[in-house]
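First subunit A sits with subunit B, and in the next complex the same chain sits with subunit C.
And now, the complex of A and B:
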């Protein structure tokens, strides 16, 4: 993989040159680019997915709707409005652990999980998690007993997945906001327990 | 024919760097590339499927030698050339 300083400086220069060219052609302005970047970052956060999970943990009817039609259920909470993508939420249980990937590239429920980590987009993760998921999860520090089935969900252009983690024990006294604070991005991907 | 991006199940890519980087971008130019992508797509200069195809049809050696957002940038450039918005070589030093 590249990422060394020389490559980085060369690419940075070429990106700048393209920006200037497109500005001259009247196709973009620097301000519009700034706005597009800000909008991308503002609407994408793992706090959104965490709130969905906390609602599902505290409201059985919502949980049922979320598992039946993820897109509609997260739209109830104001997420993914106007999206052409379908969201499927997959539930971890005592006997099933779910993990998500996009073997072809990087499809991911951005608005619910925030910008994806580098490893999610890496060839190593994409190639291996579908072949040896238990070994991959061990690399993330998650060792699952053989009694737990591992299900790997490969995303596509149209369908994105999010894991509904199991509610941690001894959290009966917590309210929705406190529960949401327990949810991590990797738990929503399936590479970490809660 | 399988394209180079179709890596599911392929062996030999090694260990995963599980470092939990929370920074969305690792250089300013990466953010600019995302901005370019969103802005040009919103204007209908190319669509999502064309963009995806442009990444997936990269020569395998180039695909494997480039970072995630370098691929985005190369895909944008190749689409702009194909659509006559920029000339080949216009970005070269």
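And now, the complex of A and C:
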């Protein structure tokens, strides 16, 4: 049932129990598990998403490829290789602001954004952002004019979403690396301006 | 290679989600049941989680569609939009003449 959510504590207990069982049965060692998690997290960071965005801001052809097929475009830069998930990048413009959520659980583009912040997984964010996104965004310090259409992407299947924020003004002189340093995790979720 | 069958709901199709509240897992959130929306585009096929989450091996593979809903149609108020990825069997065509 979609309403059948578990708290973080319940999930953590289950994970620990599963780990214990796997170790007891000799299927995996704790060290091997830690190595696998470390390796996975080392490849998952908001710096990945920021580099993708900086490339899109500086290379129109790349930007077009990114919006047409996000998965293939980020794979060009070495991200999401071997992933069964699909990535769709949604572009903020003068008239459209995008924000992402997973109302059913906590789906998130982990490979490009790293582990998700706790508020992203909170009942409050998940239930409110689909219903009153303008109010939620104001609480994040982002007030949008009425003329801007707010589009909320609720990740209910295997597609993951990432926001392509608008390039800040007066950044013409910056190179790709300097631009990437301006990009924040919340901007990639759609809950902060740049 | 044979051509895949055409998608049942091309982009721009007006659709309506099912009202049914199943006794098992589903990826059609409650707030979007029995609502009208418009297909943005197909997202690619995948197994129907309503069946696979029951541990069954016979889950059909269906096209998933990004479907855009107006806040007013979901909540009765608001000026924003919500896009959801929905399996084909969650949807039926919303024929204007049946309204």
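Here is the rule we go by: the second predicted complex is superposed on the first by the 171 of 194 C-alpha atoms of A that agree within 3 Å, B and C clash if a C-alpha of one lies under 4 Å from a C-alpha of the other, contacts with A are read in each partner's own complex, and residues count from 1 in each chain.
Keep this in mind: a contact is a pair of C-beta atoms (placed from the backbone, for glycine too) under 8 Å apart; a residue touches a chain by one contact, two chains touch by 3 or more.
Note that the structure is a prediction, hence the values are computed from the model and not measured.
By the touch criterion stated above, A:93 is placed in contact with neither subunit B nor subunit C. In the superposed model, A:158 makes contact with subunit C only, not with subunit B. By the touch criterion defined above, A:130 lies against subunit B and subunit C together after alignment on the C-alpha atoms of chain A. In the superposition on chain A, A:186 makes contact with subunit B only, while subunit C stays out of contact range.
Look at A:171: by the touch rule set out above, it reaches neither subunit B nor subunit C.
Contacts of A:146 after superposition: subunit C is touched, whereas subunit B is not reached.
When the two structures are aligned on the shared chain, A:103 is found in touch with subunit B and with subunit C. Within subunit A, the residues touching subunit B in one complex and subunit C in the other are 1-3, 103-104, 130-131, 154, 157.
Within the complex, the subunit A residues that touch subunit B are 1-3, 7-8, 11-19, 21-22, 25, 27-28, 32-34, 36-37, 39-41, 101, 103-106, 114-115, 117-119, 121-128, 130-131, 136, 139-140, 154, 157, 186, 191.
Interface residues of subunit B, counted against subunit A in their complex, comprise 5-11, 13-22, 24-29, 31-36, 38-40, 42-43, 45, 48-49, 52, 55-56, 64-68, 70, 73, 76-77, 80, 85-86, 90-91, 93. Of all the residues in subunit A, the ones that touch subunit C in their complex are 1-4, 86, 88, 103-104, 130-134, 146, 149-159. Listing the residues of subunit C that touch subunit A in their complex gives 22-31, 43-44, 46, 64, 66, 68, 71, 74-75, 78-87.
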